[in-house]
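Same chain, two partners: chain A is paired with chain B first, then with chain C.
Here is the complex of A and B:
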């Protein structure tokens, strides 16, 4: 069947050495005619016939939906995306029927037994056909939406004041946009279990559930743990876990994001803060080398939650529970907050940043070539590593980083638990395998060749350089976030900032350079490492001390071959691929 | 711009004498003088021993109220904190491990609820936005303290000052409705 009267693009059944031309068809959404591909990627990325919902999206029209999610199999059960539509009329001669002006005549879809009543179709699961017209704002469509919402709200408890989803609830949003104020339902609502302990991180309120089955499909098809299902019949339909209390795979909290209503909520975020107070900052998860894109929700300097931020090149819309809940250390009370220097009397005194940096510059200038070593962390940003590399080059230092490995999984968790191991390699602070120079550094300290050790973000006593070796040093310059055995032995302690407290870039295990932004202020005197390192580099080398992260990044891009041609402003929210 | 010139009638001779108006004023003064001296009627009050009784609808200090069963009505939805124009309200939500709510199925009540009466402008937005009828502007208009800290009223103080407001008790009814459905067939009466 060919598109009637549509100026279709040349079909070109070419042998296609390069990308074959995309086959398109013409559809009309709210009167706007658009060319859409015949097939589009489904939830697994495989080509599937384009649906009305996808076509409408291309036309810039959002069709409301609950159960549909572009990364989950289509279920088509919520009926929210019902739209009125029409298709070109075909005459008995199998030719398109034309209007008087020559345009194809459109037959609106109607109920077969009641031709006066429009018959809608669910946009999420209905493939488009050539010449189809979708009426996403027509009166009939609006009435369908009103009725669907009224039906979904029949047994909904309307307990928004105590619901954590309030403020980011699709039921609230669509009720305002498409619903009607009143309900015809006067009977008693069906009551279902409330505050059900579904698993270690999830609470379920069955009354709020609209049975869209997003959570069931996610845990079955994405997480690979077929743990959830619907039990009971009719209006007693209830989401339930196969073993209640044991919905405990490492991806359960994604069901909280997926849940369009407040049925599934996070135990960690339960009753903690209303979402409309949260400032959202684009950032990265630092729990492993995958570098999942996240949004940090913070209020008045306190981080309340991490949420995944969609990036198809890295994490899609998901993230693991362990990474998502790994934020409390940022606000820990025992964070390093003071700049400390070992005085002549043997006690550590609080000094100003200027005094501390002067001391550091003096130590590093006076140290003979080869008597300095640097141990850095795969948790530092590229910019900080770049500045540290300058310091190391200036002092002819041995450098290395500490490997941090763990058990990978098949979805997102990487074996490399450092968020920026590739940044360490690309800036030249360590070889491909970390730990090679650590042995040499330990040996150098033991034999007295190395007298000054600079440690950034690692506890070297757990990486082969014990407290006995640290005691042999003349100077131990340490920058860290939380106290440990190395910070306790430091002769100069420079409190650093967590990733949520500064800006910078990481390179993930697959070589994607991504930037992150500042959500909260660092506590006390703690400062972003790049801020004081640029001053130190300036004191030592006399080179310009890039005062902004933008200038520093652009300078790094000019000097580090792997980042050649990059610019801070041009690294988008989802990052760019670099050669690793 | 269009201007309308209003005709001002010149004063008549009677008006220009001033005396009738002055006498009219003196009459009011004399009446109050007579009322005070001979009838004992006073138009001023001996504040602070005597206090003005505010009219219905007066917007005094906002306090939290309890329901007729003595339970805290506030569920810590933080809408008042959000809407408060001078940011006088500060609520500490209970979190997952906070004290359970007074009413079983309301699930939630604030861990702490503070109103800074120095910041409060008595606009009544908190009362208007409250979905639980838990905060009301009441009749207190004279709030004084010896220092700024004690002008921040905490939850305990606000509840004590607020008293009881008998409302529809929707949470209680929901619970009763749910309990009635627990047995099947549903009780005939």
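Here is the complex of A and C:
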């Protein structure tokens, strides 16, 4: 047994022992000699003999493929990655056969294939051997690719103009790169079922399917739901759900991403938008604490889809369906779009941001120490929480956040449904367990000690501070995105921005700090919270923050111990680990 | 020498011979098993010691026994590849999924002499430390499955099977598993998948070589029915005596399934390489000649997937001269010795030793159409070239057979077939493409004439053309229900 894990308060773990030297092998790819490790991680991350495809990648050569996926078990069925290769010949004396110039003689495959000669090999499953030569672009290799493409296309409907996959279709891409313009095929095509309802979120076009079985392997080996299979035989092979219409686990939409062609389509996205019109923005899923990396596809201010963005430290290439489809609220018609202030006459009037922030500053400046409380959300960004903490410190306020728990699953979904609970903890806005101070705040309001409540991103009426308590307050400053009972009671309402409308960082449940970017504009007067909070902090404390998210993040990193040493520019697309 | 030699078939067609254990034992049955289990350890000249099992495995290697299923691979070598250090159980599977068109030899053993197979299996299992074995039998042979189960029951009752066999402490169980009727289940890794309860998709090799990662990812031996029967005779005769049967590197006997246009189609056991193709067709002991008034057109020499041989062909074969030097000798088709190596040198294979004889009444176009339809129907559809190519070939040959041919179809068929062979997961790709390649190559004139005739007929009837194809699956391409 190794030593017990260091307590989380220890700042730096002991340096890991030096990794043993990697055993390597020399192979040649397209004439370029490279040293590659003897073993490399397989789909489960276990060391396995390095394959020709992996070796080629190290040499900077991409070998086209359909069925192979580095996070799925190897199937070897599409044959697209067939390559010509050679290995050093061994004579009957078990010694290498040499050319006249002393170089090892290489036994090569020939075309057309003759029995008894080496065949081409599938790069995805064939391990390399010392001295192997891989001819990834040779005439023979190209001919094999061309013929596989021809086979895939003879029964494929050429309906690219109305196919959702067009623009991100491997069959299109490889046809451009490796295919031929014409076909000799003069027979009738095979017809198969169209628009098959596989499950609540997936539609299958069996004619477009190239039977690579990625979807079958994903749902069986990753999602743990052996729901898909193949029926019929030969060219009539057809993907089918074991229970028709019941391919309904929470990860089904990953099969749409995995499908190299337009066979599996998302009911949510199909026929909605040509993919080449979509702007792609790197962002994060906010539906739980896992923090799956996503790409937001948007056009003209509207979000059309989320797709997982690969991050092996978090979600791999996957995400759950519920998270993926949880984007419509961003474009809801009832979004809070106006800055509102309760006038002396008891009505709420629309005011300018300047006027609202002046009011807020006045309220918080005049409030006696201890008469203010803050309830914030695990959906706010670290930068926002950092600024809110400054306001809370200045007013001597009690602070807390609202826990949001659900059922976890075995793959990605976390029990914690807040995307940034750890950010709340690390910025000091709540204890490890949320809700401890909420009771005190409710009590303080009831007792009349707390007269001003600042709420960001939560409906406190559902967290123990009911409308009756809110009515007792002198001031209720609320920032939120969508209307609720708390926003309805606000004396000052500051419309905020959804994560897709701003930049910032979250810390996920495992302590990975990740940043996200702005895909679309916030509606109406709504504004990113950090932008107006920064002004409010300046008014109250005189501290001038930074006007850019980069500057603000770097300032936060200088002040929050957990983020010490971080810089916005150095937090890559896949984030960094922080001590939680 | 051109006479049948009965080793495997010695008893089973004798009048009064029944498939029960009593009859088998009256004919000396299970004596080989007793002898094998009593085999002593063996001291080698170099001081090494072989355990009894190792000694028997060496005997099988020394006998020169080659697999009778189709590939003709050395059985002893196959056994030697088994990973014996993995700590996992070793399985043995008898491949009784005999379904290559033209082949009907294993079913004779299964129906008439099941105990011969079981004895061969028990010996083979003992030699390979196998505790659990399976007989994977073709679904279309329900009666044989019944007989096998009965025979296993009898063997168990007699103490040849089960716990503590013949008091040696060796335990073995054998189960019969019936296939569900797909040709691909005869491919050894497809068979293993099927036995595991899955769709019989052949596995990729590497990494799934059965000797290392076979049934349930354990080391596995898959042998043909006839091959396993031979093991019994190797034990009885001793490897040296056995190897005297047949010819060097092509030892022992083989059961040939002879069908097609001969007087006496049937199964004949011969010493490998001691009988020629011509003798098999024309000799009174075998086919007894062609039908009256007919002449030989072609021979499919090793099951339907082997490359066709054309009447009148002459092959260059390597022959060892009296001086020990290898020389090329011209050998006419009918003088080809029926063995593994000669047929390979003639550019084809002895495969499952099923000879299909075609006389001059046969259209090669129609014959190929028949074969191609079979392979399109049986392609499992796992990998692209075979899945798409096999049906493409069938559609093209179907056109040629139904008045829709083109002159260009000869090249068209070659193009399709060349893009299948050598590019698939299993040997089915070759099985589907080799008939096409060889038929078109050797009978190109017939294909071109058919295409030209169709084109001419089309040109004549232009304007009134209607689809003449009769099989809707070949034109409309509607999904098949199997």
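Keep this in mind: the second predicted complex is superposed on the first by the 554 of 580 C-alpha atoms of A that agree within 3 Å, B and C clash if a C-alpha of one lies under 4 Å from a C-alpha of the other, contacts with A are read in each partner's own complex, and residues count from 1 in each chain.
The rule we apply is simple: a contact is a pair of C-beta atoms (placed from the backbone, for glycine too) under 8 Å apart; a residue touches a chain by one contact, two chains touch by 3 or more.
Given the structure is predicted, the values throughout are model-derived calculations rather than measurements.
Trainee: Go through the superposed model and pick first if A:161 touches only chain B, second if only chain C, both, or neither.
Mentor: Only chain B is touched by A:161; chain C is not.
Trainee: Is A:268 contacted by the first partner chain B, the second partner chain C, both or neither?
Mentor: first
Trainee: Between chain B (first) and chain C (second), which, if any, makes contact with A:277: first, second, both or neither?
Mentor: first
Trainee: After superposition on the shared chain, which partner residues are touched by A:557: those of chain B (first), chain C (second), both, or neither?
Mentor: neither
Trainee: Have a look at where A:481 lands relative to chain B and chain C in the superposition and call it first, second, both or neither.
Mentor: neither
Trainee: May I ask you to decide whether A:376 touches chain B, chain C, both, or neither, giving the answer as first, second, both or neither?
Mentor: It touches nothing on chain B or chain C.
Trainee: Based on the superposed arrangement, let me know which partner A:188 touches: chain B (first), chain C (second), both, or neither?
Mentor: The answer is both, since A:188 touches chain B and chain C.
Trainee: More residues of chain A are touched by which chain, chain B or chain C?
Mentor: C
Trainee: Which positions of chain A sit in both the chain B and the chain C interface?
Mentor: On chain A, the residues that contact chain B in one structure and chain C in the other are 188-191.
Trainee: Which residues of chain A touch chain C in the complex?
Mentor: Residue positions touching the partner: 74-80, 82, 112-113, 115, 119-120, 122, 125-127, 144, 147-148, 150-152, 154-155, 184-193, 210-211, 229-230, 232-238.
Trainee: Which residues of chain A touch chain B once you look at their complex with the stated criterion?
Mentor: 157, 160-162, 166, 188-191, 194-195, 267-268, 270-274, 276-277
Trainee: Can you check the complex and tell me which residues of chain B touch chain A?
Mentor: Per the touch definition, chain B meets chain A at residues 75-79, 81-82, 93-96, 98, 105-108, 131-132, 174, 177-178, 180-181.
Trainee: Within their complex, state which residues of chain C touch chain A.
Mentor: So the residues of chain C touching chain A come out as 182, 199, 201, 204, 206-207, 376-385, 387-392, 395-396, 399, 406, 412, 415, 418-419, 421-425, 430, 474-482.
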